[in-house]
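Pasting a structure below so you can have a look.
Naming follows writing order (A, B and C), and every chain is counted from residue 1.
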Amino acid sequence: MQIFVCIKQVPDSGQIRVHPVTNTIMRQGVPTIINPYDLFGLEQALRLRDRFGGEVTVMTMGPPMAVDSLRKALTFGADRGVLLTDRVFAGSDTLATSYALSYLIRKAGETWGAPDIVFCGKQTIDGDTAQVGPGIARRLGLSQLTYVSGIDDMDLTDRQILVRRRGDHGVQVLRSRLPVMVTMMEGSNEIRRGTQADALRAARAEIVQWNAATVGISDTSLCGLRGSPTVVKKVFAPTARDEKAEMISTEGISPSGMAEALVDQIFSRQPGLRDDLFRQAAGH
Amino acid sequence: MNTKSSRPAGGGRASMKRELPERFRSYRHVWVFIEFEHGRIHPVSLELLGEGRKLADQLHVDLAAVIVGSGRAALHEVAATTFSYGADVAYIADDPVLADYRNEPYTRVITSLVETYQPEIMLLGATVLGRDLAGAVATTLKTGLTADCTELAIDGERSLAATRPTFGGSLLCTIHTLNYRPQMATVRPRVMAMPTAQERQSGRIVEFPVDLREEDMITKVLDFLPDTANEAAQLAFADIVVAGGLGLRTSENMQLVRDLAQVLGGDWGGSRPLVQKGWIPAERQIGQTGKTIRPRLYIAAGISGAIQHRVGVEGADLIVAINTDPQAPIFDFADIGITTDAITLLPTLTRVFRQRLAVNRMAG
Amino acid sequence: MTHEHFDAIVVGAGPSGNAAAYTMAQRGLKVLQIERGEYAGSKNVQGAILYSDALERIIPDFREEAPLERHVIEQRIWMMDDSGHTGMHHRSDDYNEQKPNRYTIIRAQFDKWFNRCVREIGVTVLCETTVTGLIADEHRRIIGVQTDRDGDGIFADVVVLAEGVNGLIGQRSGLRKELRPEDVALAVKEMHFLPQDVIDARFNLRGEEGVVIEAMGTVTDGMIGTAFLYTNRESISVGVGCLVSEFAKSGEATPHGILDRFKAHPSVRALLEGAEIKEYAAHLIPEGGYRAVPDLVGDGWIVVGDAGHFVNAVHREGSNLAMTTGRIAGETIANVLGSCLACTRDNLQAYVTQLQETFVMKDMKKYKNVPRMLEHGGHNIMDIYPRLLNRSAQTWFRVDGRDKKSKESEILRSARQARGLTGLLGDAFRLARAWR
């Protein structure tokens, strides 16, 4: 079977800093990582390949340096990596991104065989929109299965797939038909450590690089900034809490002394909550 | 090169505003998609009606509730509820195919509703359902969608200014959809205030005919396993939340967190590393990649307070941090802090709370 | 399946490992490089000084692509007491040359770039892979490595140990001795982010110009160590380093405590004001000098960079020694294999011989007595003299109605009081001998 996994190279959000004066992101020295949510899809893809055979192709759209992320994905055991890179994609919002990626997936499908499953990350940690996966599904006519917590069964002959999907109030058990677009829930698996052979293969692999023309995009007005309906008008820093936490003193005080002081503080700051708690306690 | 038509490179995205294309000029009114599943309206939909009302008033247009599901009586009841929360109009799409949420039929119905009645703004909850649906609808309509907004406003040109956190909450950005309609946005639960219901408000109901056949549906719902009331799904709505971090040192010490939560009638969770270590299930994770909580009281025990965690708890009314490291970033955004070992303090704190509440029980 | 065989395996992707791998691949060798970190430089996030000469000999046109921060046009050396400093500034417009001699760099970015060059010239680079052991044949010749990934051993004619000061492979295999606390310094560094124009204004810089400040004195609380500060494009690297043995002796002092004191010092505080701090983990610097250098070659192995204790602590040079040892090791191996010889201890000995003829060993030898001198007279140099110097400077520069002659004698008197005549002479003697 053919499995495609869309990943994104993102700045490690834990290491992002904001310029104190201009309120812009200071990218200097911020390492990039594979969007952590994408790895749940990648691991699921590798497990399906191990069970049903076939190939896992990892793909991304981004600047040339995104090959690092693709190569990294190969060390986990993916079979090949494809990068779609072109200046016309700069400034893409989610709609323009799913447009470009749908062409990338189509072209990859023509090259290596149409995908049975396309995995996308549930969301990214830099954009957090969770829109690109659904966008791709829509554009390619794939059945959309988001927030999947497990793939219970798959039958390649009658093209059925059985999944559990995490909803707001419970778990849906769904049956759908391939091809599908799946986003995996975090925690549904853990990315494997690739073998030495995987690592060696990844280190030497040729990452396929395509541009807008190669994947057949002729109308660049639907790409990048021009193809993005949303416009960022303003970027600003959140108003910080000015004062630090009020500290409960601990010097020479017993744990119960600290606990008493802490409870006093909590109740004096939140009298409403205190009253509700007392009311509940009395009501029992 | 024609110099007249070229814009200066540094002109920025905002300078791209052109006249709204003719085909979108007729788009009017504010819509809120009402999440109605398993007989319940998701609270975020009511919160959005409150927010949508303000936007509609500013624009002098109607606020409409979009209700999709199966069963006339139930859907009309939902409509009545939305009227009491401020809706002027309710669009109802009623079909057995729509009984359970599925992306395909819901996207079809919403898309066709939008094309027929042409709203200028459509709001959805940033829930699992809302995010699944909004992405598909926006792509089909080829319009802009801003996710996870924390603030909505109308600017001088009738344009929706949707503000959302970016880069893990270290910045906020305001996003507009200038040349496309509708302007779509999702808003996380508990970000907007819950409006108070007005008694016996009425509104106009528009029943929207749908033409769906179950045999055309590729995806089938075979089963639904509801979360029980005391399960983690309630975490996001708990009034009091106690959470643990790596400072607890062993998974057994999570019990100290659960004990305190139980005494306070609250819920419990933990930071991301605990999920990675397998001490707590993923749905108990609090933070950017987990649950966003807005409790009245949040107690963080042994959590350092990385930005990812901060984003998920900042909405709490009162944040109490217990950590041995006085330099821990959590003290930068906590209201009350105490530098001590959570493992010794937690049981004592549980005992003190229990005593205080017991005294009151007797008094009551 | 036959085992894959390489000409050389390089353990580590720091400056020395990259230099060795690059040099060998350039000479047509089939090279595998194994790095523990997620990528080269990921374990080394601090700022550092890059000395052009050593890199130019490997990649002559590195300036076109390498991520360089600022070129250094000014050097300040400070002797600090509690309230100020006395020192030397050297600044010259001559350093604004076509090919500047020193740059400040951010290691994470620089190492990553260097490693990309290594990859592009044909080296196979495995990241996030730890070498867990060396494979020896029945003659105790090293013939390959084991890694922590599933799979068999990987084999090569020679293993280049570029694993850094605390690399365990050499130690575990008995090729290198365990580290002595007297021979390593523990350094902590921080990055303080500030807008470029603010840094330019505070340090009197234009464009890409940069400043390096090195300081010693009372900040280290009498322990043997130094503090430093240098300007990057949009950040300032600040750090302190003290010998590990000194921390052990003191028992109380922590590297972070000393760094905090340095940052709060009146001479430093204003330079960093308003910056956003990013803290990085401490790291070890081999400072044992010439006497700490281990065996550098053996049958099938060769040691380069920090693993070989190649650091000139007096001049704070490290990366240039690392690159130079890496390059010469690479050249040696290429010559040996090119002559169809085996990488035996005898054949690799050419590496050591050649190092003796370069600045690397010459400088190491020149300062070989410094560590020992510091062990005995360190406290005076780190504490008494800076105080003395600053007090003298104040006496000299304050205009208070006293004549210059009596000021001179007061200065001399206080010097004698602080250290005693014999002490002063002894220190001078020891210093001169260490410097010789």
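We adopt the following convention: contacts are C-beta pairs under 8 Å (C-beta built on N, C-alpha and C of every residue); 3 or more make two chains touch, one makes a residue touch a chain.
What you see is a predicted model, and the numbers here were worked out from it, not measured in a lab.
> I need the chain pair with the most C-beta contacts, please.
A-B
> Please identify the chain lying most centrally, where each chain is represented by the average of its Cα atoms.
A
> Using the average of all C-alpha atoms in each chain as its centre, how far is it in Å between chain A and chain C?
So the centre of chain A lies 39 Å away from the centre of chain C.
> Counting only Cα atoms for the centres, state how far chain B is from chain C in Å.
The computed centroid separation for chain B versus chain C comes out at 51 Å.
> Could you please state the distance in Å, as a whole number, between where the Cα atoms of chain A are centred and where those of chain B are centred?
Result: the chain centres lie 18 Å from each other.
> Could you check chain A for residues that touch two or more other chains and list them?
17-18
> Among all residues of chain B, which ones touch two or more of the remaining chains?
Residues of chain B never touch two or more of the other chains.
> Which residues of chain A touch chain C in the complex?
15, 17-22, 26, 28-29, 31, 68, 72, 75, 193-200, 203-204
> For a test of understanding, state which residues of chain C touch chain A in their complex under the given definition.
4, 38-39, 42, 45, 106, 108-109, 119, 124-129, 147, 149-152, 154, 191, 193, 195, 233-235, 274, 276, 278
> Taking the touch rule as given, give the residues of chain A at its contact with chain B in the complex, in rising order.
Checking each residue of chain A against chain B gives 11, 13-14, 16-18, 23, 25, 36-37, 91, 93-95, 98, 123, 125-135, 137-139, 143-147, 162, 166-177, 185-188, 225, 228-238, 241, 244-248, 250, 255-256, 258-260, 262-263, 265-266, 269-270, 272-273, 276-284.
> Which stretch or stretches of chain B touch chain A in the complex?
Answer in residue numbers: 13-14, 16-17, 35, 37-38, 40, 42, 100-104, 107, 127-129, 131-132, 134-136, 138-140, 142-148, 161, 165-180, 218-227, 233, 239-240, 264-265, 275, 281-283, 285, 288-290, 296-297, 306-308, 317-321, 330-340, 344-345, 348-349, 351-353, 356-358, 360-361, 363-364.
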